[in-house]
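What follows is a group of structures, each given as structure tokens.
Both of the next two complexes hold chain A, though its partner changes from chain B to chain C.
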Partner chain A sequence: MERLMKIDRRLLYLISVALVAVTIFMPLGLPVKVSPLAVQTYDAIQNLPDNSVVLIAPMYDPGAAGELNPMLKAMLYQCMERGYKIILGNTNWTLGVAIAHDMITPIAAEFNYVYGTDYIEFGSKPGGSVWMQSAQTDLAGAAIVDFNNDPIGQFPLIQAVPRLTQEYIAAVLVLDCGTPGAVEWLQIITQGTSIKLIVGEIQMSVPDSMTYVQSGQYNGMIAGSRGGAEYEQLVGRPGAALKSQDTMSVIALMVALFIVLGNIGYVTRKR
Partner chain B sequence: MHITSDPGIWCQAICTLAVYTYLYKDNPIFRIAENVFLGLATTYWFVYSFFNYIKPAIVEWIGTNGQYHYVLAIILGLLIFFRYVPSLSWIARYPMSFWVGYGTGYTLAFTPAVWLNQITASFVALNSLQNILIFVGILCTLVYFFFTLAKENPVVGGIAEVGKWYIMIALGSAFGNTVLYRWNLFLGRANMLITQWLGYTG
Partner chain C sequence: MRKEGPMILTVISSLVVVFSTYFFLGQKWNLMEPLNNWFQISYAIALALGFVNLTVIHVKYIQRKREGWFYSIVLLLCMYAYLVLGMIQTQNGLQFDWIYVNAMSPLSATMFSLVAFFITSAAYRAFRIRTKEATILLVCALFVMLGRAPIGDAIWGNWSAFVSKWVMGTLNVAGMRGINLGIAVGGFATALRIMLGLERAHIGGSGTQ
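Right, the complex of A and B next:
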């Protein structure tokens, strides 16, 4: 047991890396059952009125891309299949919009979406909550230029959506990994309005965010990578999240095993 | 497998591997990667803010639209740089106090509505096991935090003990989710290395 307690942590890293590699190269194909929360989230987006305008805010950076990219991709597919017009952008997460730009461009081409009319990217604007307040009263004035640095007021979609209020947008879809994030969109834009707030959440923040789902303040939540895998199935676009579930299951088992072994070693040594 | 020739992906892969060398031990390769990241992030943020916000605001709002009152905001913002002049550093407190004042006002204006909705949502009908658990959990956890109540009283102490267990379960859940999230981060990088860099498509 003494030896168990003195295992070099680097050996554990090596075992972990080997397990991840094995499950990537040889998928186990474990089934992923769709939870009621994923269905609720899918329905919340699917049941928006036809021709709705939705705002998608990728409030993350490359650190969280592993979990949130698959959710964003599936969201874009669902929104475009439903024919919603999309306003894409965020505040304070500059790299999130760059990631989202690379993602929306080919999907928009696939659905023949016209830039400026069917979708627009306003980029990332500094200011956090302050910016959201400005956009609530004057979207073009708050955004000024789009992702490509062109004056944003010239585009038909922005002319049709002068403000981020319930008269103009049906839902805000937030990919959330910190502050400012979904809570700020709730506080400034959706609280007390008919605008739906749907959140793609990183695994770490799921317990905190669940209270917002329970209270009805979030109309849906994609809960971590597992939620992403369930949502991909509902959208009918199996992707990276679904593929990663084998690895996550094996990793969860491995961590549990390490914890049990560590505790056995600890208790034995204590005696 | 077909290893990519894209220099961007190569750059990502080298930086990723450089960062992971820290798992062995602290080393100069990790330090270089760390400093490159900090430098790039700072520069990117500065350039992005300037060309997407500061410059258009000055050119569009003040220059073209003639909204000269924004000059006051710019002056207020620039006052922060008096921090670098020791004899006049007190002037830098004005923009900070303005910001703190805004923050306080913001919190008072927007936060209670969010909390109140959550408090309202905690009043649940006791018609399912989940709702009963929520009700018991809220009650016992609140009792745990009533430090003015004597915990020696067996009833109060017992309820507080249940509250403590609820807190421990919640913290355990949060910790478990954090561990899984960290693994997800690693999985994201591993996927990039294997699929984008090494070109494995299987």
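Right, the complex of A and C next:
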């Protein structure tokens, strides 16, 4: 029994890889129930006034793309189906905007969104919270050029949104995986205003972010990969998050099983 | 003056921030805007300083043939080659952009993917019911882990979501709020100490007074 405590880690890695591979090729098709939090998040975006301008900030890098890409995709679909104008960009997460650029371009083409009028990408700007403060007083001055290095002030959407304040934007949608992230957008841009703050969060950060959801400072939160799967269903665009739920399930079960086995070995040895 | 100068600068800057944030006149005069611009400039200078610092350190490693000095050559070559390419092509240069996206993206994703394996192994090794507290932690972790995946619903039905939600929304939030409040108070106290010149670690002092 004591051997249960000393299972070779390489065996654990091998089983993990095998389980991931098996569930990718032979999905279990477990149903994913939609939670009230996912509905709250969906509604918060859906119920923004018509023709709203939303800022979408992909504050992540490829490490978190597995969890956050599906959320971003579903968010873009929901926003474009509602006809919102989109300002896309972030501060300090340079690869996040590259990922988002590849994602928004085909979706915008699908909805006949015109660059500069219906959506714009200002890229990634250095400065974190300080950049946000600058954008709060002068967006074009803070961004200077767009993702393609063209002067951003020439585009109608930026002329219509001179600063990131409640008069001009209805919501900030943040895909968050670290600092600067959703908390900085809350502190600088949305706190004390009518701007909604909706967050897509990696599972690791959900415990911390839950406090902001309960206090009402986040108007919605897509919580980890499971949240992404629920949100995809609500948007009506089942995608990568929903597909990954079987893998999540078997890996969670495997980890739980090995924890139990390890503890059986531990208790037996103690006796 | 080597220490007094930065200290005076810190006090003035922090007073400007406090005045601009909490007082009507400060907001009206918009004193934060020039300060923000200076911050952006300082940020760029700090980046350049980091560049020089890295060069000095790694050139020394190479000269002294310290263990792993070969990696220092790789680092310097990558750093300077990419800098030159960036200066020639600017931010959106085709090759400049291609290298960044196609090298950094897979590297970053690979690093993060490995975490899954480490967590699996670490969870198996670390979660032992050594004490009562550890047992409570283990039970909560199992419920939340399985409750956050559809398999939890399949095993326990609606109980899975209920327990997971209760642990995350009640136990977790209470704890996190306590921690966050502590951090906020600690941050405020530290800021106050820096403003009063009692905390000098950031200017190369011995720390506290």
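Quick note on the criterion: the second predicted complex is superposed on the first by the 271 of 271 C-alpha atoms of A that agree within 3 Å, B and C clash if a C-alpha of one lies under 4 Å from a C-alpha of the other, contacts with A are read in each partner's own complex, and residues count from 1 in each chain.
Assume a contact is a pair of C-beta atoms (placed from the backbone, for glycine too) under 8 Å apart; a residue touches a chain by one contact, two chains touch by 3 or more.
Note that the coordinates shown come from a computational prediction; the quantities given were computed from them, not determined experimentally.
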{"item": "Touching partner for A:30 - first (chain B), second (chain C), both, neither", "value": "second"}
{"item": "Which of chain B and chain C A:193 touches, first, second, both or neither", "value": "neither"}
{"item": "Touching partner for A:40 - first (chain B), second (chain C), both, neither", "value": "neither"}
{"item": "Touching partner for A:148 - first (chain B), second (chain C), both, neither", "value": "second"}
{"item": "First, second, both or neither for A:216, with chain B first and chain C second", "value": "first"}
{"item": "First, second, both or neither for A:65, with chain B first and chain C second", "value": "both"}
{"item": "First (chain B), second (chain C), both or neither touched by A:262", "value": "second"}
{"item": "Which superposed partner A:240 touches (first chain B, second chain C, both, neither)", "value": "first"}
{"item": "First, second, both or neither for A:7, with chain B first and chain C second", "value": "second"}
{"item": "Doubly contacted chain A residues - partners chain C and chain B", "value": "13, 16, 63-66, 94-95, 126-127, 130, 149, 203, 206-208, 211, 214, 224, 248, 251-252, 255"}
{"item": "Footprint of chain A on chain B - complex, ascending", "value": "23-24, 44-45, 48-49, 51-53, 56-57, 60, 102, 106, 110-111, 113-114, 117-118, 120-121, 134, 170, 173-174, 177-181, 183-191, 194, 200, 202"}
{"item": "Of all residues in chain C, those that touch chain A in their complex", "value": "30, 32-33, 36-37, 39-40, 43-44, 90-92, 97, 100-101, 104-106, 108-109, 111-113, 116-117, 119-121, 123-125, 127-130, 138, 142, 145-146, 148-154, 161, 165, 168-169, 172-173, 176-177, 180"}
{"item": "Chain A residues within the chain B interface of the complex", "value": "10, 13, 16-17, 20-21, 24-25, 63-67, 69, 94-95, 123-127, 129-130, 144-145, 149, 151, 183, 186-188, 191-192, 202-208, 211-212, 214-217, 224-225, 240, 244, 247-248, 251-252, 255"}
{"item": "Chain A residues touching chain C - in the complex, by the definition given at the top", "value": "7, 9, 12-13, 16, 30-33, 35, 61-66, 94-95, 98-99, 126-127, 130-131, 133-134, 137, 147-149, 203, 206-208, 210-211, 214, 224, 226, 245-246, 248-256, 258-259, 262-263, 266-267"}
